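Note that the chains take the letters A, B, C and D in the order they are written out, and that residue 1 is the start of every chain.
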Amino acid sequence: MSELTTREPEVTRASLLNRTMYNLREAWREMADWREGLFAAPSPNLPEKDMEALKDQMRDCLEARGGEVSARARAANLGRIYLSLNAKGRKRFLQILAREFDIDHQAVNKAVTALQKTGDNHDERAKAERTLRQALHPPRLRLLTQLNALPEGFHFLVDLRAELLSWRKDDPALGALERDLLSLLVSWFDVGFLELRRISWESPAALLEKVIAYEAVHPIKSWDDLKNRLSSDRRCFAFFHPRMPNEPLIIVQVALVHGIADNVHILLDEAAPVLDPENADTAIFYSISNAHEGLSGISFGNFLIKRVVDELAQEFKNLKTFATLSPIPGFRHWLGGKLNEPDKDAEAELLSAAERKALATAAGTGTEPAALTSLLQTPDWPQNQELAKALKKPLMRLCARYLAKEKREGGSAFDRVAHFHLSNGARIERLNWLGNTSPQGIAQSAGLMVNYLYKLSDIEANHEAYRGEGKVMNSSAIRTLLKG
Amino acid sequence: MSELTTREPEVTRASLLNRTMYNLREAWREMADWREGLFAAPSPNLPEKDMEALKDQMRDCLEARGGEVSARARAANLGRIYLSLNAKGRKRFLQILAREFDIDHQAVNKAVTALQKTGDNHDERAKAERTLRQALHPPRLRLLTQLNALPEGFHFLVDLRAELLSWRKDDPALGALERDLLSLLVSWFDVGFLELRRISWESPAALLEKVIAYEAVHPIKSWDDLKNRLSSDRRCFAFFHPRMPNEPLIIVQVALVHGIADNVHILLDEAAPVLDPENADTAIFYSISNAHEGLSGISFGNFLIKRVVDELAQEFKNLKTFATLSPIPGFRHWLGGKLNEPDKDAEAELLSAAERKALATAAGTGTEPAALTSLLQTPDWPQNQELAKALKKPLMRLCARYLAKEKREGGSAFDRVAHFHLSNGARIERLNWLGNTSPQGIAQSAGLMVNYLYKLSDIEANHEAYRGEGKVMNSSAIRTLLKG
Amino acid sequence: MSELTTREPEVTRASLLNRTMYNLREAWREMADWREGLFAAPSPNLPEKDMEALKDQMRDCLEARGGEVSARARAANLGRIYLSLNAKGRKRFLQILAREFDIDHQAVNKAVTALQKTGDNHDERAKAERTLRQALHPPRLRLLTQLNALPEGFHFLVDLRAELLSWRKDDPALGALERDLLSLLVSWFDVGFLELRRISWESPAALLEKVIAYEAVHPIKSWDDLKNRLSSDRRCFAFFHPRMPNEPLIIVQVALVHGIADNVHILLDEAAPVLDPENADTAIFYSISNAHEGLSGISFGNFLIKRVVDELAQEFKNLKTFATLSPIPGFRHWLGGKLNEPDKDAEAELLSAAERKALATAAGTGTEPAALTSLLQTPDWPQNQELAKALKKPLMRLCARYLAKEKREGGSAFDRVAHFHLSNGARIERLNWLGNTSPQGIAQSAGLMVNYLYKLSDIEANHEAYRGEGKVMNSSAIRTLLKG
Amino acid sequence: MSELTTREPEVTRASLLNRTMYNLREAWREMADWREGLFAAPSPNLPEKDMEALKDQMRDCLEARGGEVSARARAANLGRIYLSLNAKGRKRFLQILAREFDIDHQAVNKAVTALQKTGDNHDERAKAERTLRQALHPPRLRLLTQLNALPEGFHFLVDLRAELLSWRKDDPALGALERDLLSLLVSWFDVGFLELRRISWESPAALLEKVIAYEAVHPIKSWDDLKNRLSSDRRCFAFFHPRMPNEPLIIVQVALVHGIADNVHILLDEAAPVLDPENADTAIFYSISNAHEGLSGISFGNFLIKRVVDELAQEFKNLKTFATLSPIPGFRHWLGGKLNEPDKDAEAELLSAAERKALATAAGTGTEPAALTSLLQTPDWPQNQELAKALKKPLMRLCARYLAKEKREGGSAFDRVAHFHLSNGARIERLNWLGNTSPQGIAQSAGLMVNYLYKLSDIEANHEAYRGEGKVMNSSAIRTLLKG
C-alpha cells in the first residue's frame, strides 16, 4: 500500500454499503405515501422467477410512469431492492440493468444511415449527429441518474461503482455499465463542485473516524496518533462534495517544519515538540489518500495540492518551500525483478566492484560476493550499521535511477507516486536514506523515501516537459546520484 | 406575464452578468500567480485581429497546457474576456467557440465506418459505439465544463445560456452551442442536487431583494408587501443549487387558509388579519416563479410542489387540502382569436341567445347585440355591476372550455399554466369570478382565476391519464360549467 | 435627537413588549405541565381584590416552593400576568413588588448591631459585614433574577426597566426598584458578555428592520437608504448579548473615505459613487445609536469604538485616521440662552463690531445691528449665501467655545456628545460649516458638525487629562478658532 | 468517586490553566498597542520587592486610569502575571488582592452611623441603606469583574476559584475572596444563561475528549467506550455557558431502554445490541458529572434533569418512565462505621440470627459467627455465589435503611447522591443487587445500585415533603425492605 493507493475496498465497502442501506431505508419510510403497488423485495439471490418483475420495475422508472416524481420514488425502491440482495443477486440485478437497458443498436443503425444521407448541409449534419449521439446514450444511464435524488443516493452510486469495478472482469456487460457510471460520476464530481475543508481536532468525531479508516500511506494507530497529526504545526485538508457532505473524497496531511523533512518517523513521533507554525519555512505533504474506490480514475489530487498550497501560503507568510515526503512503492519490486533477470550476472551490472566488495565485508562473507537479494532479505538490516552503510550508496543510486529513468509504455514514470507528482509539475528533489524503516517501508522501498518539490514558478514548464517529452526534472543532488 | 413565466431576461441579465463579472474579477485577482503570459483582454467588439489569439487561448485550455490546474486558470481568463466584451464581441466570441470547436466530422465518419465493420461480436460493437459516442462530444463542451471551476462559474454558465437563447435564432451554430450547454446544465441541475430552503423574514436582505426581483406572477410592490407574504400564515420556499447558494432557482409562495382561496387581492391585502396557521386546513400555492431564463427547459416545478407539500404536511397536521390559485394567462388571447375568426358569426356560436340579450341590456345597446369583444375592452367593466353580472355566465363557461378542452398539437392543454399543473397530476377544481381584477388580470384572464387541486391519492392516475390519453381531470363544478 | 440619544421609548416599547409577550406565551405553553394551581391572570388594572393573591404568588416564587425549577415556572407566570395588565395595573404590580419585598429593615438593624459588637477580630468583622450585606439585598431583586430563565426573559427585564424609568418620578419606591434592576443589568451586561457583530446587507431582514428603527442620529428613510449605508465602502457594527441574540444593543455606522469627511449629506447620498475601501485612509464614525432605553446608564460606547477600530485596522491596512462626524446637539440651545441673558447686551459681548456690521449688511438692515437670534430663525438662512457668509465666522468661533470651554458642574463638557468622545480620549479636530443642513441640523447645531479624532497613541493621555483636570484636547485649528 | 463528584481538581486544573494561559497570551498579543508602560512579569514566586509594583497595577485597574478600555487591558496584564507565577507566587498575589482591596471598614462605619441617624423617613432610610450596601462591596470584587472582558476570562475566573477553594483553609482572607468570587459566579452562571446542548458522535473531538476527562461516575475507558455511550439508543446532554462555549459545565448520560435498568455493566457493554429508541419506554439517567470544581456550590443538576426530561419527552413519544441508575457512594463507609462502633455487638444488632447463621454456613466457619466486616473484605465475594446469596438479604435491608433513614444534621439524607435526587423531588424506587461489581462499586456500595424515580406529577409534592419535614419518599418495594 502506498501514497495514492485507495484503502482496501474489501474491508470498507460492506460497512459503507450497510450504512447507506440504513439511510435508504430511512428515506424509504419517508416516502411511504408513494409505496403502494411497488414491487416487493425478492429473495437475496434474485431467483429467475423475480427477474421479470424487476425488469418491469426498471421499465416503469424509465418511462416515468405516474410522472417524474413517482419515477424517483420507484428508483428508490430499486435501490432498496439492490441493497437487500447478496453478492450473487446483486450481480444478476446489474446484469439485467446492463443487458436489457443497453443502447438500442437498431436505433443507432438508423441514425447512422440518416447521418450518412446528409450531404454538405451543415445544419442537417449537426441535427443528424445530435440524433445519433442521443441514440448512443443507453437507458441504463438514465436509470442510474434517477438514483441521485435519493438521500445518500450519491454515496450509493459511488459504492455501486466500486462493486462494478470488482466484477467487470467477469462480465463485459458489467464493464460497460461501469463505464457508463464513470461518465456520470466524472460530470458530477467535476472539480468545480468540490469544496476544500480543513479537518482539525475540532471536527466531528464521526468524520475523524473516517480519516483514521481512509489513511492509506502511514496508518493511524490511535486517536492520540490522530490528535498529534492535527496539532497546531500540522494541517489536514480534504475535498468534499456537496451531496456527500460528511465523506472526505481525498485527504492530505501536511507538516509545517524547518527545512525539507527527511524522515517520517520524526514527523509522526507523538513525543516530539510542537513547533510554532508561524516560523515554519516549509510545508511537507506527507500523506495523500483517496478515500473511495468507486471514484478511482477521477483525478482530484492535482487540484487538491494547488488549493492547499494556496491556503497555506495565505495563512503562513513565512512558508517558502512546498514539498512532499513520499514513499517509493515500487522500488523493491522493480529491483527484485532486475536482480532476478535470467541469463546474466545482474549484480555485476548493477553494482560496482568496490560496492560488491564493501557488501561482502559487511556481510562477513569474505571475498565471496554477497548476494544483494539475500542481504535485503536479512531481517532488520537497517539495524546492522555496517551493512546499512555498505548498502547506502548502491541503493541510493539505483533508486534514483528507478525514479528518474524507468518508464512505462507511453513514457510515464514507472513508479505510480512519482508519476502523480511529476505530472503535477513537481521535480524529484532528494532521496532520504532510512526515511521509513517500518516493515512496510523496508518491504516496499528498502527504507528509502523521496521528496518531490513543488516550485510554483516551474510547475507549468515541468508539467509540459514531462507530459510532452517524458522529461523528468531532477535536482542537482539527484543528477549527481544518477551519474554516480 | 404569468405564473410560470420567467422574469424578463432583458431587465435582469445585464445586472446579473455585471455582478458575476465582479466576482470573476475577484477570482482573477486570486489567481494572479497563474496570470503571466495569458492573452490580454481585447477591445469590446472583438475585432478580427484578436480572433486568432482567442482561438489559441481556447486551444490551450482544451489541450490542458501546463496541466489541468492551469487549464482552469486559462478558462477563467476566457470568462473574464467574455465579460469585458459588448454584445457584438460576445456573439463573435461564441461563434468562434461554436464553429472552431465543433464535433470533428471526419473522426465521426471514421468511427461510423469502424462501427459498421463490427459484426455480431457484442463487445466489439460496444467498443465501437463508445468510440463513436466520444467522437460526437464536441470540444466546446469540455471548454464550457472547465468554466465550472471558477467562483461563480455556475452562475456565469446559466447567464451565458440566457444570452445564447436570445441569439440562437440569428445563427444555428449558436443554437447548437446552446443545446450543448443545456445538456451540461441538465446533468448539473439534476433534481438530486437541489436543496429546498424556506425563505422568511429572517433570511438575508440580499436574498429577499432577489425574491422581489424574480416574482413574475403577482409583482411585489414594496418591502412591506414582501413582509406580509412572509407572515406566520404564509410560507415561501425555493430550490437552491449548492454551487449557487445565494440564488433561488424557482420560488413558490403559499398561503395557509380556511377553505380554497378564490381571490388573490384578499391574499395580498396587507391590512388583513394574520391567521393562526395551526388551524389552517388548506395550503394555497398562489405564485410559482422561475428565476433564471438560462435554466428554461429544465423542469423543477413538479419536484418543488411535491417537496413543499411534504414540508407543509409535516409542519401543519391540520392541512387537508393542497391547491393553487392560478392565473389563466392565455384565456383572453384565445378568446380574442375565437371572436375574430373570419367568415362566421363567432359570438352567435360562442354565446346563447339569452346571454346575448342580457349583454345587450347591460350594455344599454337595446336589442342590438353588444359585441363581446368591445364589451371586454370597456375600461373597468368589473366595476359596472350589471355588465359584470351579464358577462359572468358566458365567460365562466368559455373559460372552462378553454382550460379543459383546448389542446395544442400533441394533446397538451393550450394554457401553459394548466398544462404544468395537469401534467403534475392536479385537476381543475374551480373557476373564480373576479379573482384578479388588476389591469394585468383583466387583460390576460378577464379577471378570472382558477384553482388546481392536488389530491395526493389521485396524482399518479391523473398524470397518467393526462399524459397518455390527454385526458383532463375536472371537478364536478367544472363539468357542470362545461355542460352549460 | 442626536448622536447618543436613545430612540424614542414611547414609540417602540409597546411593540417590543408585545413581541415579548408573544414569546412568553409560547414559553408558557411549553411549561404546561407545571401550570396547575397557579394564579390565573387578573383583570387588566389589577383591582384591590387580586392583590393578595398576587403577593402570595410572589412569595411562593421567593420561597422556591416545590423547588427551584418550579419557582422559575412561577416566575414565568408572574411575567405573563404583568404583560396582561394595562399601565395602571402594571404600576400597581410593581408597587407591590417594590414595597412588599423590600429590604427587611429589622434584619438590617440586627446585623448592624452585631457588626458593632465585633471588636478587633478581623474574621468576625468580615463575617458580620457579610451578614449585613446579605440583609441589604432586597428579596425583590431575587425575584427579578428568576425571570431571567424565561425565553426572552432578558428582553423583558430590559423593557421593564424602561417602564420603571418613566414612572420613577411618580413614586420613590419604583425608583428604588429601578436601581435594583439596574444593578442586576450592570452585572449581566458587563462588556465581557458582549459580542461585536458586523451588520451587512447579508443580515436577516428582521434585524435590518431594527437597525432602521433604532437609528437616532440620521434617520434611515428607506430600505434603499439602508442598503447604501451597507455598501462595500461602509461598515456597520453592533454589540449583541448572548441572551438577546437578535437585538442590537448599540449600533455604529462607519464610512471608509479619503480624508476626514466634513458633510453628512455627501456620506448619505445614494447617488454618490462607491469607493474602493482598500484605498481608504480614513474611517469616519458618523452615527452611534443606543437601542434600548432600558439599558441607559450602562456604558458600551467606549468599548464599541475600541473594538470597531481594531476590526477596521485589521481588515484595511491603509487606514491611518479614525474620526467621527458628529452633531453638536446642544449648541443652538446654549447659544439661545446666551443671547437671551437678561440685563446685558449679549450680542455685543459675543460678536465683534466687524461681525455685527457684516451681519447687518447681509441682513439688509443698514447700520442698524441685526439681531443674531432672529437671523438664525430666518427660514433657510443657509440658502442665503451672503447671510451664511456673514454668519460663518462668529458661529464657528462661538461653537468652538461652546464645545471646548463650556462645562457642567463637575467639569465635564456641556455638550453630551462632546463629553462622550472626550472622555473616550478623543480630541476636537475640526468644525464643519454647513455640515448638516437638514431641518434638525439647523435647529440643533446651526448646520455645524464636528469631527472628533481618535489618535490611538494619545487616547490614554487625553482621557486622563480630561477626566482629571477637565482639560479638553483640541487641534490647532480649533485653538485658532478659540483665539479668534 | 461517585455520581456528583467533580473530577479531581489536582489532575485537570494544571492542564486547563495552561490552556487558559495560552489563550490569554494570544489575547495579550492582540492588545499589543496598549502594552507600553505596563508592569512586567515578576519572578515566579513573587518576591517581596515586586509586591508594591503589583499593588500599583491593581490600583490603576480599579481607578480605571486611561479609561475603562485601558483598565480592561491592565486587568488582562494582571491575569497574565498571575498565570506566570508558581503556587507560592499565586497565593501571595491573591493575598494582596484579598487584603489590600478589602472592604473599607471606616467607610462602612460611617455609612452605619448615617443609617442610624435616619429616622422614620422611608426615602432617607432607603438612601442610607443603598450607601451602606455600596460600602460593603469590596474593590477586589470589581477587579475580578474586569477580568471577564478577557478572551477566556470566564474560564480563568472559574479556575481561579478552584485554586482559592484549595487554599481557603490556609488563610481566611483567601476564603473571603473566594466567597466574593462565588457571588460573582452565582450571578453570571444563573441558570437563565445556560444552554442545553446534546453531545453526540457528531460533536467535535475536542469536546468529546473533555467528556471523557470529566466523567466521574463510570470512567470512560476508550473512544470505543465513548462511542457506545453515544449510540442511537443513548443520549448525552450538557449545560454550556455562552462565554465558555466549548466547556461543558455538567454532563448527563441517558440510556433509552425497556423497563428500569438494574445493572450498569449491561448498559456499558459495547457488545450489547443497540435498541430502537422509538420503542423505549424508560429513560435511565446513569451518570451526572460536574465538570468544574470552580463552580461547586452553584446548582445546575436540578435544572439539567428537568430540561433533559423535557427534551426526551419531546423526541420520544413512548417514554413513560424517567429514573436514574445511581451509585450509593457512602454506604460501605457508613456500614463500616456501624460495624465498628465500640462497646457493643454491632453485628448482633444489625443482623438477625438466621442471617448470621446463613453467613457462617456460607463462610464455612461452622457455628462460629462470621464477621460481616471481614466477609465484605473477602476479595471477589460477589463471585462466591453461596456467600453472595447469604449477604443479599441483610445488605439490601441495611442499604435501604441507610438511604431512607440516615440523616445529617438539618435533616437531609446522609448519602450525597440520595440528597441530590430527593431534593429534586424524586423518590427511592428500587435497590439493585450486584448492579455494579467493579472494584469501585464493591468498595463504595457493596456492589449495590439504586434507582431514583422522577414521576413528574409528584415532583413538587415530594420536594416539599423532603425539604419541609425531611420526609423521604419510597416505593413499596423499599418500604418492604425497611420493614424486613
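Here, contacts are C-beta pairs under 8 Å (C-beta built on N, C-alpha and C of every residue); 3 or more make two chains touch, one makes a residue touch a chain.
Here the structure is a predicted model, which means the values were calculated and not measured.
Student: Which other chains touch chain B while also touching chain C?
Tutor: Of all the chains present, none is in contact with both chain B and chain C.
Student: In how few steps can one go from chain A to chain C if every step must land on a touching chain?
Tutor: 2
Student: Could you put a whole-Å number on the gap between the CA centroids of chain A and chain D?
Tutor: Inter-chain centre distance comes to 50 Å.
Student: Counting in whole Å, what is the centre-to-centre distance of chain C and chain D, each centre being its mean C-alpha position?
Tutor: 41
Student: Any idea how many Å lie between the Cα centroids of chain B and chain D?
Tutor: 62
Student: So which stretches of chain A touch two or more other chains?
Tutor: none
Student: Across the complex, what residues on chain C touch chain D?
Tutor: 30, 33, 65-70, 72, 102-103, 105, 108, 112, 115-116, 122-123, 125-126, 129-130, 132-133, 136-137, 145, 148-150, 153-154, 172, 176, 179, 184, 187-188, 190-193, 242-243, 299, 302-303, 306, 310, 423-425, 456, 459-461, 463-464, 467
Student: Where on chain B is chain C touching in the complex?
Tutor: Going by the criterion above, the answer is residues 201-206, 208, 223, 227.
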